[in-house]
Each structure stands twice: as C-alpha cells, then as structure tokens.
Amino acid sequence: MNSCFYECTIILYSYIRRHSYNTIMAGNTIGKLFSLTTFGESHGKVIGGIIDGCPSGLEVDMHFVQKQMDRRRPGQSRIVTQRKESDKVEFLSGIFEGRTTGAPIGFVIPNEDQKSKDYDHIKDLFRPNHGDFTYQQKYGHRDYRGGGRYSARETACRVVAGAVASQILIAEKIKVYAYVSQVGDIKLDKCHDDLDLKSIDDNILRCPDQEVAKKMISRIEEVRKEGDTIGGIVSGIITGVPIGLGEPVFDKLHADLGKAMLSINAVKGFDCGFAFEGLGMKGSEFNDTFINKDGKITTKTNYSGGIQAGISNGNDIYFQVVFKPVSTIMQKQMTVNTDGEEVEIEGRGRHDPCVLPRAVPVVDAMAAMVMVDHLLRSRTTKL
Amino acid sequence: MNSCFYECTIILYSYIRRHSYNTIMAGNTIGKLFSLTTFGESHGKVIGGIIDGCPSGLEVDMHFVQKQMDRRRPGQSRIVTQRKESDKVEFLSGIFEGRTTGAPIGFVIPNEDQKSKDYDHIKDLFRPNHGDFTYQQKYGHRDYRGGGRYSARETACRVVAGAVASQILIAEKIKVYAYVSQVGDIKLDKCHDDLDLKSIDDNILRCPDQEVAKKMISRIEEVRKEGDTIGGIVSGIITGVPIGLGEPVFDKLHADLGKAMLSINAVKGFDCGFAFEGLGMKGSEFNDTFINKDGKITTKTNYSGGIQAGISNGNDIYFQVVFKPVSTIMQKQMTVNTDGEEVEIEGRGRHDPCVLPRAVPVVDAMAAMVMVDHLLRSRTTKL
Amino acid sequence: MNSCFYECTIILYSYIRRHSYNTIMAGNTIGKLFSLTTFGESHGKVIGGIIDGCPSGLEVDMHFVQKQMDRRRPGQSRIVTQRKESDKVEFLSGIFEGRTTGAPIGFVIPNEDQKSKDYDHIKDLFRPNHGDFTYQQKYGHRDYRGGGRYSARETACRVVAGAVASQILIAEKIKVYAYVSQVGDIKLDKCHDDLDLKSIDDNILRCPDQEVAKKMISRIEEVRKEGDTIGGIVSGIITGVPIGLGEPVFDKLHADLGKAMLSINAVKGFDCGFAFEGLGMKGSEFNDTFINKDGKITTKTNYSGGIQAGISNGNDIYFQVVFKPVSTIMQKQMTVNTDGEEVEIEGRGRHDPCVLPRAVPVVDAMAAMVMVDHLLRSRTTKL
Amino acid sequence: MNSCFYECTIILYSYIRRHSYNTIMAGNTIGKLFSLTTFGESHGKVIGGIIDGCPSGLEVDMHFVQKQMDRRRPGQSRIVTQRKESDKVEFLSGIFEGRTTGAPIGFVIPNEDQKSKDYDHIKDLFRPNHGDFTYQQKYGHRDYRGGGRYSARETACRVVAGAVASQILIAEKIKVYAYVSQVGDIKLDKCHDDLDLKSIDDNILRCPDQEVAKKMISRIEEVRKEGDTIGGIVSGIITGVPIGLGEPVFDKLHADLGKAMLSINAVKGFDCGFAFEGLGMKGSEFNDTFINKDGKITTKTNYSGGIQAGISNGNDIYFQVVFKPVSTIMQKQMTVNTDGEEVEIEGRGRHDPCVLPRAVPVVDAMAAMVMVDHLLRSRTTKL
C-alpha cells in the first residue's frame, strides 16, 4: 500500500470517528397500546419479540399464525429465495389454556439455516445498499452475518404479532388484505373493488388478477436469470372499518399506517387514497360528497381512501407501499471495504429476485397492528 | 317530514351511537426527545404548544422564527387565502435572557381574524372532505367553527417549533429546504442538484425554477377563477446530514419523516429517494455503489435518498410530499346535514385555491423537528 | 483575591464543565392516556400546561376548578406565604360550549405578583436545598428569579389538571381526599375511617381532627416566629375505587401513585397501606383475608391499602406523602456563590413556614390524575 | 347448597362482571432510553425480556451477570425458599463477539422447577394478599400456576437487565449498593458511611453489620418455625453520582427511583434522604448548606440524600425500600373460593419466610437501570 492510501485512511478514520455517534437504539417498539418489541439477528440462535397490550380472552388460532408465517417463509416458491427456514413460532407466555391472559406474549422463531460462513467474505466489506456501512458508522460494532439486525428476517416477528392482531380484527369484522399490484413497470390497473381479494393466494406472486400475475411472474424470472432484482408495489385494503379510528393531530390513522409501512425493509414510498394518482384532479372532482344511503351517512366516491382529517370514515381504506429492488444481486459490483479500498463484490448465497410475494404478509401484519392499536385507543373494551 | 325519513333517522342515530367511540385523544405530541405538543382551535382565542426537550443554551433568533411564520401566514400573496392573521408568536417560558434554559418552551399565537359567524351555516352540515363528519362521529361534540381542531391553522404551531429546531440544525450545518415541485399536472422535472435552492422564495409559489413557477401560478389562478382548488407536491431536501441518524427497526429515519409529513393536513402520500419514480429500475441500476472519494467513503449515485437501512449515510436526503386539493371550493356541492338530509352547500369565506405555497414552511418545520429529534437521540450533547 | 482562591476557582470551573451535561429536558409530562405537560417559570408572564387525553363530553365545572386553585393559592391564611396571586385559570382550548371536545385542553395562569427584584441578590448565589446549584450545573443557564422552573409555583398547573380529572372521577363515584396528618413531631394518630373527611377544610391547616389541628397550627406559628420552617405528612384516601385498576408489572397502581407524589416539590417519601408502620407485623397478621360479604368478595382487614399485586381490589386506597421542611428560612445561613466563595445568605420575600396546607390540593390533584389515567387504561369508554 | 347461597353467587357474578375491565396490559416496560420489557409466567417454559437502548460497545461480563442472578436465586441459603432453580440466563441477541451492538438484547431464563401440581388446589381459590383475586377480576382469565405473571419470579428478568446496567455504571465509576437494614422490628441503626459496604455478602442475609445480621437471621428462623413470614427494609446507596442526573419536573431522579422500587413485588414504601426519619427536623437543621471543599462545591451535610430539586448534586444517594411480609404462610387461613364460598387454605410448596435477602439484588438492579436511563438522558455519548 502506498503512502497516499495510508493518508487517506487516516482521514477516513478520523472522519468515521467524528461522524459516528455510536449510541442507544430504542426504536425497536411499535404501537402505543397494542405494541410489538422485536429482537434478534439473522444468524443468532433465534429471533423473537414481545407483544404487549393484547387484550385478555382472545382464543389464539395457532394454525392461522403459522399459515401467515408460511406466506412469508423463504423457499415457498420458485420466485423467492431457496433458503430453508421452517419458521415455526414458539409462544413463551401470555397464552394460557389457548387464550390470552392480558400478560405480555413473548415468542421466538429459531434460525435454522444459518450458513454464517457464507458471510465471512463480507465481514470487511460494505455491500451496496445494505445496512453494512450505516450500522458500522452508527454503532462501531455490528453483527455482519447475514445482515444481522438489519436483515429482513426481523419481519418474521412482525408477521407473528400481525397474525395475533388480525384475529382481534376478525372478531370485529375488520379485514385486512394485501396483494402485489405492480412489478417493475407491469401494473395491475384495476380498482380493488373489481378484484376478487379471496384469490390473492391463487398464484405464487399474490396478485389477485391471474392474467396479470403471469406476466409479473415472467418478469421476475427474467430478472432472476440476469442475476438481477426488481421492485414494485404492494397494495393494502382494509374493509369493515368502524368510523372514528385515528387520533388527531399527529397520530392520524394514515400517518401511523405510513410509518408502519415505511419501517419495513426496502420500502421507500407510501400513499393512501388517491395521492400520486390523483395529482391532476381538482377539488370538485376529488371531494367525496356525503350521501344518505338507507339511513346511513356515507360518501358517493372514496378518493380519500377511507380516512378524512386523519380519522376513518367507515369506507374501505386503501394504500400503496413501494418496495425498491432487492440490494443483493448476482452480478459483479464495485464497492469499498472497511479499509477504504475499492474492491469487487458478487452476491453469493440464496436471495430473492423480488421481495414482493414475501412482503405481502408483512404489509398485512403491519396494517393489522396499526388497526388494533387504534381500535384499542378508541374503545378499550374487553374482547 | 314523512315517516320514511323518520325511520331512516332512527337507524342513522343508532348507527352513529354504535359506531361512535367518543374517547381519548392523545395524538397531539410528536417527537421522542425533541417533542412538540400542540393545542388550540381555529376560532379559539389562541392556538399554541409546548416544545419539550430543547437543549439549553440555544440563542433563539426571534426574527428567524417570525420569518418562517410569515411564510405560512394567510394573505401573503394573491394565490393564497386573503384571511388576515399577523401570526405573531408569543413565547411564554423556557427562554431566559435570549437563550433556552432546557425548560419546556410554551408559546401562543393569537387568533385575530375569527369571523365565526361565517361558520354558523355549517354547524349542522358535514362539509365534503373536511373533518366535520369524522370528528362528530368520534367525539360526539366538536367545535365546528372554522374546522376547530382539524383546521390547518394548527400547523402554525408546527412552524414555531420547526423554526426553533432549524436553529439547532444550522449550528450543526444541517440545512433543510422545501419547495413546490408539482402543481396539478405541471411538474418541475429537475433534480434538486440542478436547482438553486436559495431562490425558493423568489416567487410567491416557492418553486426554485422561475419559469416553471410562472406556469404553476397561472394554473392556480385559473383554478381559483373556476372556484375550484388543486393539489400537488412539495419536495424536501436535507443537506449536511451526519452519518448515523435514524433508529432501527421501527423508527427508521424515513419512517419518522414519513409519519411527520403524513400528519400534515391534506397530505396523502410520501416517498423518499427513488420510490414511485424508480419503479422500473433493476437492482443493478438502483444500487448506490460505494466509492472512496478523497479518503471519505460515499456513494456514486444517491437513489436511496441519503438513507440506507433506515440510517442516514451522509448523502443528501430528499423526499416528496403529496397534497390533495383543498376541500373547500367556491362551487355548489351536495352533502348531508346532521339529521341525515341531503342538502346543497357552497363554500364561503376566504380559502386557498392551492395549499402548496403555505405548506412549504410546514414541510420545512416537520423535517427540522424529526432531524433534531434523531440528532438528540444519536448524540445528546450540549449545544 | 489571593492566588490560592484563583486556583481553586479554576479547578471549580473545570469541575463544573466536566460534570455539567447541559442537555435535553423531557420530563415535563405525566400520565399515559390522561396526560399533563406543564411549562412556565415562577417569574415569567404566565405558567400553564396542556391536558391531553381528556375524554370528550365532560361538562367542566369552572367553579370547582377555581375552588381547588384557591386551596393552593398563596395568601389564603396566616400560616402560609403572604404573596398575592389570584391564580385565575384561563382555559384556551378543548372546551366548547362548556363541555370537553376530546381535543387537548390548553390553559394558562398569569403570574401577577412577580417581585423579581427580590431575587436579584440570589442571582449569583446557590441557596441551600433549592435547585439553584443543580439546575446551574445541569443546564449551564437558568432563570433564577423565584426559583424559575423549579419553583413550587409549577404545582398550580397540576391542580388545574387534577381538578378536571376529579370531575371524571366524581362521575364514576370515585372520591379522592387529602389531609395533613403530621406536622413535625405532632401526629394525627387516627385511621381515616375514624375521621370526618368532609371536615378537612374546616381549619386553615386542612387536618380533619379539629383538636389536633390546633396543636399543629400552634407548632407552625412557633416555627414561623423563629424564622424557621417545618415539614410533615399529607395523607391521601381514595374511596369507591373499582376493582382492577393498575397495570402489572412496572405500572402498578401504587408505583404510579408513588412517582406522582415523589414528583411534587419537597416530597421525600411515600408509602401505601401499612408500610413503615407495619414493619413489626408478621404475614399472619398482615394478610387481608378474603370474606364473602353479602355476596360480594372483599377483605376482612385492609393493611394492603386497597392494592394487591399492583391492582386495586375495591377497598379504600390510602397512602402517606412526606414533605421536608421548606428550604427558605428567615435566618442567616452560610452558602457558596457562583464564584465558589463562601458567603452569608438570609431569606427575604414572603415564604411558607410549612408547605402542608397548600400541598393538600396538590396531593389531591396528583392522585386524581393517576386514577383517571388508570381508569382510561382499564376501560376507555365514553363518559 | 341452599338457595340463599345461590342468590349470593348470582349477585357475586354480576358484581364481578360489572367490575371487571378485562383490558390491555401495557405496563411491562420500564425506562425511557435504557428500557426493559419483560414477559413470562412462573410456570411457563421460560421467563425473559428485552433490554432496549443499551449503548453499543459494552463488553458484557457474563460471570458478573450470573453472580447477580445467583444472589437472587432460590435455594441459596437456609433462610430462603428451598425451590431449585439454576437461573441460567441465555442471551439471544444484541451481543456479538462479547460486546453489545446497540441492538436490543433479548434473553430468557428457563423455569426448571415447575411443580405445577402444587398449585392445582389453588386454581379455584383466592389466596390472601396474592394477585389471584385482582388478576381474576381484571383479566377474567389467568395463569394461576405459581402466581403466573404476578409471581416474584418476574424479578429475575430485572436482575439480568440490572446487571447489564451496572456494568455501564461501573465504567462511569458509579456504584450501587443495597443491603438489608431492617427485619421486623430489628433495625440496623447506622448511617451507610459507618458501614463496610464490601461486606454485604459476608452473611446470608446481606446486612453489612455482622452482629446485627445474626440477630436478624435468628428472627427469620424463629418466624419460619412458626410457619409465618416477616418483612423489613432494604436500603440502597449510590456513590460516584455525577451532578445533573434527573429530569424536572415529573421525572425527578428520586421519583423515578421510587417508582422503580414500588414496582417490585411486596414493596409498600419508599423514601430518599431523610424523610420519615427527618419528620421532627426544622428547615435550619435539614438544609444542606453549600461549602467550597478544595475548589469543589459540595454540601456540609446530606439530609437531601444526594438529590435536590429532583437532580443529583454529586453526593451519595441513599434510599429505603419497605417490603411487607411474604403472603404465603404455612398456617391455616380462611379465604374465599371463586364461587364465593368461604374455605380454609394452608400454604404448601416451598416459600420464603422473609423476602429480603433475595430482594437485595432486585433493588440493586432497579437502581442501576434508573441511573443508566438518566445517565443516557443526560449525555447520550458512546461508551
């Protein structure tokens, strides 16, 4: 190494030192009354979490929970990563004789397929668009194996809590749906009213239009063959919402939904109702005028997406969640190592060409948690 | 009234009763360490708030605070509402001999131009797309005058806190910019790098491209003449961001920015970096590869928008905030009154044809508060 | 000044610098669902606060609020400070047509009798047992006038919020009482069951036993003549408590009551049920055995003070709050100035010889707020 | 059963229904920046928790953690319960290569000695002074085995988190001590300055005065032979405290310490500095006058217990925690079953005659957590 590099490295180090505030990390909880706190790294023994604030008396359908886990599980189809994880949840507390007791619900999910050796080569590298660099700078010390804490494996814990939350919603006749509505440039151009939401799981992509799904799947396979990846949109629908959920002024229902979605790995955008799509509309077109329908006040249209002034108005809530392409690609890329040297890197291991099919249950889960939190905030009664 | 209507009304009332959870409202605070709690209604004597967690020792530039207020103030130009409010902030505590003491900063802004009579006609009406209906259902009892608590007047308090936060950022060389980048269909198609961000206030719209601004202003004037309204996009840019801000896993920096923006009245969408725009991109194109630039690690491109794995990477943060058209229009619309009868309504009073020029300082303010909160969360040292 | 002193001062300064973490201050909020955030300094224009999470629909009895304020007001009797403050509360929001709307309730109380000149002589002094020293060290910069933020004047805001909370409790048939039960060594040796709690305000001390009250008042007058001060105990009683309030495991009902009381200026101790008094008792004596009384399960005795395993059991809650003697005395004391020089100081102005009579409504208020918070946490239904 | 009883039972049931608000439970977290959330029941597979907000870079001494656990472990001496639990902590995340990463630290402690059969006889009984009754009423459904969630076994999780916190304090030269200072009527009448705090563990009671300890141990053995139990006081001392910890006005340092202590099972009282003991003192006696000691400002006396106006002043902090006698006694007692019938009960299983020796490490732990939380709140810098 020549002296020039050496100097640069010194500057680099002092830069890192100056800019690294290796501090506390207390963002691992979401929800005010119904809350989830998660822990665990991709290659630790387990990941897990604590659901706090779950009302007592809920009969937990374990089969339902596991079914949701299976929807997120790796290796479920040819268009997702071939890693093997059975993702069996073990509940440790808070459920007695099949029903919740009101005590915190602790749970763990074992990490089975930890090929940590796969990651030895990235120990001293910063993989493009991963958290390697920002975590190293922020914390000074990190578990680099498989992305450690910043691995999307953490979202499995969200699915567990979401599956519990969903069961509270079901009892209230509130239903949450999520589906893939865009892959790259291929867009499902239909309103959710015109879709059969029960057919979401009829294909491996989780898009309720079977024709469009085929095209999207082809696109993903194409991209995978190139060793590349692709992003897209997961759409969410919530039906049966009571009027009055959402807390002004900062905890508006769509603000909390937005934060929940934006906290999912790879998510870069969120909108609710007509937002990006409604940009050309005028107030006279956009306004959802009220009507009296059989003695019940509702609106003629639903451009607002079921939320007005931050509070649900009884209409269906719908929103879009934009995912960027998966960062790990099977192509050579240039990057920089921890010594500041530019080096070549190539993805190894088993990765998703497109995160969307497995992201669907995560979007489901986050939406369910936000809705239960606001349901409890608005009427904290016994189940 | 015939008996049929009477019956409907009974159904209506029982419906309202069944669905109204007139409960607590505790969403009036934002921020974990640097926090703002607001209070006040549009037609009360004052609105105000408490800034808590502001570090001691900050010399508060009152001129700067008022300047920000003036940017949000009604009556500032021909394309905004002609209501008259001087919006003078009165600080009540937490500042002694010109400097913050670490104690909570209480403040009020008098409501001067309360033409409450203007609102008598809407007392028993649910205006389309306003909070009239959802608030009535949620709380059972509301201050309807001028929108009461759900009036965008509340955002004036945010500008006060944001102006204090901005001064902390300035001391850290972090700069926040916001500008109008789309009005209806008219889009400013330039990257922020190619714009002169110092010229944002050179026109009444707050768009840094003077040519595009002219077109946008014409569009707004056109719409106003029709008695209609229009929405658009405010873009935000944050420069000089230290590496390491943002808390995994739920309090990712862009998740907190997203929630802050989505909590602003009329906002329906948010994205950070390339999201909606990047939908066609593949991983090989989207990945921001790391480079060593003069001994400092940075990235070649910045599609991530300065945030990776939820943590700032030192690049500029950029994001988009989508505003729907203003709900009050000067045209006749059908709606429903509190008795469930369908009636005609027409906007009165003085309203904005487009909220964007006045929304710019609010976006500024929310961004500044989120950044200071995360700055304190990452290195809570003395100014 | 000789060089030795000069050296000491340098050491002192570097010591102060090393030990002063002049940082954020975010402890100005209490309560999770029914919360109070306060602001304001003793000699500012006003003090005030925001009550958030108050359910909608409460008819606020302003006369009741003011009556509670008058019980805390200075100048109310010969055994308290002769300062003049009318302590008129002005509500700024959240109440419309006499009833709460669910929106945050902002309020201010003007500071009328600010003789700030009285405090010029303490600007550069650290008064014994006041916050002068600790605030200076913590924040580097403080409003010293009348104790600024650490003045007990802040408790007036608590009385406002407590008076609102009390009205919610009254509707639920829950009653909170507080009274003076010890002044110095003079103890009211009676169980609350043997006292007429309606006679608390029959004397200026607020002790429901008129004979004991006389002795206590004499003791305070004696002490005042000496230019000295004295402490004691305020006892609290809560009746009509529903079973089931209190959240395991950290937010036990008595833990939250304890924190609320210990946060009052001058409070040093708290116990609930038989604690300090029950130290000699064995389990067989202390256990409150359950009985069936007319078809209702209750306990034979109530040594637990109405709370078991952190949750109310339907019995009366009773607790004690220990106040230290007021710090400002009308005698000469030695202290140190900000230059580290030892100097003589003597109390000026108008101070309380004993804080207890005015502390009674503050204990009332804190208890009421904790109870409403837990009531909402346990059943957040409409009023 | 006669009809009278039947009627009573109906009244009873309707009473229970009326008074049971089987709601959410979100009190399982303590701490704002350094926080602990616990889960688990006495007879579940494990108990555990998540420590969030622990700074990165701490080298965790596992031996130290286990040593603290052993101090709380049952079966450690003849004066505590003879239950067998090895109480081995298993850390699941947040520690990599021996050092904390800033990620949440998940951990579990297996429940080994679950003789759940021992509790079958109490399934339908309300044991005096236990949580059986209040939990049943609050939640409607509970894990009764061994006290379930309200078992003091939960405190083992606190010891884990406290042991991590202690290591942060040690690096800052802050030391926390706890010891038994009173058993029933037998009191250790010495100031902590006159005790050798290093000798706390020299006897099985954890009282640093060996002579007094002997008397106390005899007292406990006497009580145990009677099948009875006894309470007492654990005293806490914190040395090396920097000036400036504690947040006005509600999160005063002693208010947070008080809440933490009052949240420990069986604790009924708390005081800090001279409180109950100082009741006879006048202001002129109680005031800790400032002196300049070798260029450093300190106080002549320390009646305040190291905290003034809620903020540490650099002196030793000292406080007392009052524990009631253990509820389970080996004597016959009358109680009521879930049908409202009065029945006889007698303690079975293996219980503590006095909780104090095992409570010492819990008091230690709670104090350490509060101190680290406030340390981080005051200067959130890297270790």
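Order of writing sets the chain letters: A, B, C and D. Residues in each chain are counted from 1.
In this text, contacts are C-beta pairs under 8 Å (C-beta built on N, C-alpha and C of every residue); 3 or more make two chains touch, one makes a residue touch a chain.
None of these values were measured; they are calculated from a predicted model.
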item	value
Most distant chain from subunit C by Cα centroid	A
Copies subunit C and subunit B - interface residue numbers shared by over half, same or different	same
Cα-centroid distance, subunit B relative to subunit D, in whole angstrom	45
CA centroid of subunit B to CA centroid of subunit C, Å	38
Distance between chain centroids, defined by C-alpha means - subunit C, subunit D (Å)	25
Residues of subunit C engaged with two or more neighbouring chains	20-26, 28-29, 38, 103, 138, 149, 248, 376-381
Contacting residues of subunit A [partner subunit D, same complex]	20-26, 28-29, 33-35, 37-41, 44-50, 52-57, 92-94, 96-97, 99-106, 108, 138-143, 148-149, 376, 380-383
Interfacial residue positions of subunit D with respect to subunit C in the complex	7-12, 15, 19-30, 32, 38, 126, 128-131, 133-135, 137-138, 149-150, 154, 182, 184-185, 223, 226, 228-233, 242-244, 246-252, 254-256, 258-260, 262-263, 265, 268-276, 278-292, 294-297, 299, 303-305, 308-314, 322, 324-329, 331, 333-336, 340-342, 377-380
